[in-house]
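Both complexes below contain subunit A, partnered by subunit B and then by subunit C.
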Partner chain A sequence: MRPLRLLAAEFPNLACEQLTATDKASSKPKKLHLKPSEGAADSHTEQPPLSPTSSQRLPTLPNNLTVAEERPAKRSHSSTSTHPHPTGDHETDEEVAFSPAYDALVENEPKGKMSEMSDDDFLSGGSDDDFMDESMDSDFEEEDGTQYLDDKDDKPQKKAYEVDFTVLTEGEIKKAQSDAIEESCAILALTPENAAVLLRHFKWNKDRMIEQYMDGSQKLLEEAGVDLTGSNKPELKTVPGFMCDICCEDEDGLQTFSLRCNHRYCADCYRHYLSQKIKEEGEAIRIQCPSDGCKVLVDPKSITMLAGVGVLSRYYELLNRTYVEDRENLRWCPAPNCEFVVDCPVSQKQLHEIVPTVFCTCGHHFCFGCGSNDHQPCPCGLVKKWLKKCEDDSETANWISANTKECPKCQSTIEKNGGCNHMTCRKCKHEFCWVCMGPWNEHGTSWYNCNRYEEKSGIDARDTQAKSRASLERYLHYYNRYANHEQSGKLDKDLYIKTEKKMTMLQSASGMSWIEVQYLDAASKVLQQCRQTLKWTYAFAFYLQRNHLTTIFEDNQKDLEMAVEALSELFEKPTDQLANIKVEMMDKTAYVSNRRVILLDTTAKGLQDGTWEFTVEF
Partner chain B sequence: MALPKRIIKETERLVAEPVPGIQAIPHDDNLRYFDVSIHGPAQSPYEGGVFKLELFLPEDYPMTPPKIRFLTKIYHPNIDRLGRICLDVLKANWSPALQIRTILLSIQALLGAPNPDDPLANDVAQRWKEDEPGAIATAREWTQTHATP
Partner chain C sequence: MFAQKRLGKELSNIHKSLPPGISIASASDFSNWKMDIQVLDTNPLYADQIYRLNFKFSGSYPIEAPEVTFIKEDGRDIPMHPHIYSNGVICLDLLGTNWSPVQNVESVCMSIQSMLTSNTKNERPPGDDTFVRSGYRSPRNINFVYDDNTV
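Moving on to the complex of A and B:
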């Protein structure tokens, strides 16, 4: 495992750097929606009110940050995507890659197809190098501090949090289907139409299909809509004396159609029917004969012959949709209007040990497991739990029931925020006992000590209250930080545009070229990514048992958070200073990016090895 | 717009060969709109009641099912307070080969055989499961109060 403070030596000024809020008034951290002290209480001992937003331990909470939306405000297929590309087309590589730090940064971008690195690549180095390598090892392995810079010389290696995936176009999806159909035709000696029908019926599970086909269950084939007689040449017929049961037309020469069940209707009604099913009801592979209760399926050939162009194109679209939805290794990119499909081998069963973030060609990155925006390092199951928890007000309700009561006289809500039980309602000045709710003057001489307070029931009540309060405070600790990063992200939806503006301003101010100001863009991307990651680290940490590993995780988290604040502060500097801090900024960008990699990598390894201990099952 | 042949034929037949216990009469000014009455089936808690319904044939009928609703208050696990009916042939299992006549027969059959496992009116269905005799008594009462001419 890598040491935590890998690069601390390189950036000695980072830790002690004072993070100051800038004038960015718009990015206020989100206020918690819970307002505990509505009715206000007076107890004799003043105690600071429960204030979940305050934290002494956290370095300046990101007032000044500008980063972190999950995706560009405007998604488009253009090259202005603010996101790392799976294929790694670093437009500016040659020009900017003069700094080792920048190299390291570039390398941290996710790789789409890492698997191309084969063993051969390692072996082909030849044995000549072996000797040299050995002799040089001692020279190079001086200190951890330089390790990440060396990494860039290594072959790209898949990190524990990265998954293999490919992005497919609609054309490729169609080709995959026709390939599967062709293959099945060859194996089972079926017509392509029947093979397609059968494959769809088996949700493209070829093995299961072949197995069942070999078992030769005629009924099953019929159910699937396979016509083995081969006589299925759909055609329109005119039948003397025919009357259509749907439209009641009976004129001579009426074109009619029927499936093998011989439920015959006029062609117009059939077309109408298909259009209703396909266009209105979105049905494609399970359209039955229009006759009441008849289970015979309308086969693709018949649909092709009968349906009009508009209906047919929708039909093919639906077939494609069904194909993707039926395959566990495929998922449509959830970005609006994006028509790419991601192919990823991670199955639903693996989701407790890996968080499969994938990067669509359109620029959107999302979780292949659940389809939501990237939520590394937090596994899908915990994400679901966390979101549910945040949605539920049950925590708040708990808190309220444990910490507030109604004044027995005027019913206004009173919060108990001190240890004393002698309560005075602020509104009506009624004095009463918090424990028994009785009037205080009846307590006589037992000052501050209700008789019942010492009784078991009183102690229990106090315990529950304390527990509930502690659990709420714990939740709020994580929730606030989570919400904070989320909020910073939301407030900065226009970050990319702002960055572009900055870059333009910087160019005219400093005479730098467009290429030379790309470090700002790099910084903004990294900041966004890190915000997203940080946000989910809090949900993750919330469910961790307290142990050694958790402490390490939180150290990593803190390192990343501090680095992000520092970079973000640089990023917000006035334009005239930006040129002077270019190198510093690039170094910090690389550093931040690397902190993120370390955090994600160790977390992912822990998930894979099952070393994390959680407080819940998921 | 001219009335489709199918609707004309169906209407003619409904008038010429009425189904026992069921009446469906189109409005003069809107031939797609029917006043329907169904007699409660014998040996059911609805026996003796006459239930009024409204039926409307939408533009794309018979590709889509007719719209039907009870106007008379009825205590039944598959019929809600607004008179809407939970019946498969009125939804997913609709076939353009079905007719007004067949649908009304299905509704009549539903009165004879309530299905509390596929409920629309949840509280009624609940009661039907927990206290069938009580529910039937209520259904009978309602029939008395609301459906007796």
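Moving on to the complex of A and C:
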């Protein structure tokens, strides 16, 4: 095959045109699906071109193990990814080709960054090749509908499990606040300080604020802590004969301060007070006048006037924090030291029908709904229930009930660890039969051989036990698998380092370039991602009612699990074999990631349509 | 330093005059004072009883509220009140979220005095047993929910 870069260079208009088309459609990694032209890849013309959309359409088939067979073993270049290939010119063999599903591998990378890079890649390839004239251009266009580009309906569609979101920086958060303040200033003719106080009072709900302000401005301002009636101008000054009520200082020339309410204290006490509130109590927007019962808020201007640098920076930090916490559509990225904010329109009320996993620019992906690590496809409510179940000892109780019996008379818990069926309770000396739980004296002479199997009391006792046993077994079935994937996920923590080492070793062993061994990295990323998903499929399945949808779900789960294990096995092979199984591994990687997409997509659709039936409310 | 000056001033004021029913038991340093309070009217719950309050001041008093608890000392008991736990911890918003640096020892004593005066219930707060057993001694570590403004 000709290198990707050359391909783009030969059809610059084509490439650019396509680029703008997808650009509008979405900001996700761009996909350019070109069928091999005679010029570009003549060695592959006889191969059956794979429909670029086939892999995307598969999600509608719930159980399609046939995906792998459908794809030609040696893939054609029917679809190529536009991932950056800095050394693209050196790639001359078929391994440059990526199946469409391969694109999905990068989905946990920052999307904005990715699309930028692909843009650059294309533009640098095509920008100075404007030798192509109009006629040539139109030639291509004539054919393109039928032959060259049949991906008109293959715009990067949003999958059912994906949500729209944007990652904001601290600066953007600040700007959003000042924009809102400015706007309200203009509408309500307030000073920026008072507008800010009002906005914060209304948790940044501008419309509600304006509406209520129109109804009664004075009452509202009082309620929010803005006092317009007070005559005093907040400034530092000395007052003759003043004594501070806080520190009892009364020397001459003492700097004093008061808000509009005219509750005057010395500047030092005010500073102390502010620093206590801001640094110790973490309060920013509801700092009131120190006077007892006075509801006037210390406005930002006064704080700026009084507070030291350290307190002030903390104050601004807190303002930003409360802004993000007040807005339902914003959430801090929970990764340590990450300062980005994610903006996502999914509200708390929607969380039972959608699992909003978002990807922060720092690389962390998490659930926007609850802030914990990505737990697709399991909804937040079930995650909470599941974790609680795993944590509390409700299952210990189940174990007790499954493995012990209670004395029919005094209800002491008894575990039988040997001996005959003639039980004598140590506590109340009641004699009973372990098999039927009935009193022993009814057994007559049939020693050690219970023939009273049909007695009602015995049946009841056995029924409850059987139920507990089944419930315990069911839980353990799901829990063991959940825990297994969690454990594997934990082991994979240092997988990245391991992978990098492996890649270096493979490079020196096979003579491949760093770019050429990237498939290992891709495989390891997919493995990690899939284990995370698999883990939560078990929690999800635990709460599902048994019906045919559940069966389909479990089939999908099984397919993914088998594919993951197969890829995992390949991944663990010794280095000298890794070079030979490159194609197989890339195939498997794409397949595994495709299976994950299918599973997530069908699950998310079911949640949205409310077709899943759960055993619990959440 | 900050607290000392203010406490010194308070102390000299207290020595000068105190409202009826409030007296000073000990104030030998600027970190721990003891005050005696009694209810003046004929409330049968507290009639002829004197209770002892323990004040603990931190370095940033009066910006930070003092820790105020009832203590058993010199035959003084913990008063019965639906907001006072049997280990002496007082659930009063004034000593927590609603503290203002303008408050002082005298005003706190008066508030607690009137809290007792107006009470008619001979009971402890709900969950007193568990609370006392959990061993909280310092009210600072407790997040009270001030849910009842009637007593």
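Heads up, the rule we're going with is that the second predicted complex is superposed on the first by the 408 of 618 C-alpha atoms of A that agree within 3 Å, B and C clash if a C-alpha of one lies under 4 Å from a C-alpha of the other, contacts with A are read in each partner's own complex, and residues count from 1 in each chain.
Assume a contact is a pair of C-beta atoms (placed from the backbone, for glycine too) under 8 Å apart; a residue touches a chain by one contact, two chains touch by 3 or more.
Keep in mind the model is a prediction, meaning the values are calculated, not measured.
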Fit or clash between subunit C and subunit B when superposed on subunit A: clash
First, second, both or neither for A:410, with subunit B first and subunit C second: neither
First, second, both or neither for A:236, with subunit B first and subunit C second: neither
First (subunit B), second (subunit C), both or neither touched by A:291: both
Partner chain(s) touched by A:210 [first = subunit B, second = subunit C, both, neither]: neither
Subunit B versus subunit C as contact partner of A:272, first or second or both or neither: both
Common ground on subunit A, meaning residues reached by subunit C in one complex and by subunit B in the other: 245-249, 265, 269, 272-273, 276, 290-293
Residues on subunit B engaged by subunit A in the complex (per definition of touch): 4-6, 8-10, 60, 62-64, 89, 95-98, 102
In the complex with subunit A, residue positions of subunit C that touch it: 2, 5-6, 8-10, 60, 62-64, 100-103
Touching residues on subunit A, where the partner in the complex is subunit B: 245-249, 263, 265, 269, 272-273, 276, 290-293
Complex contact set, residues of subunit A against subunit C: 245-249, 265, 269, 272-273, 276, 280, 290-293
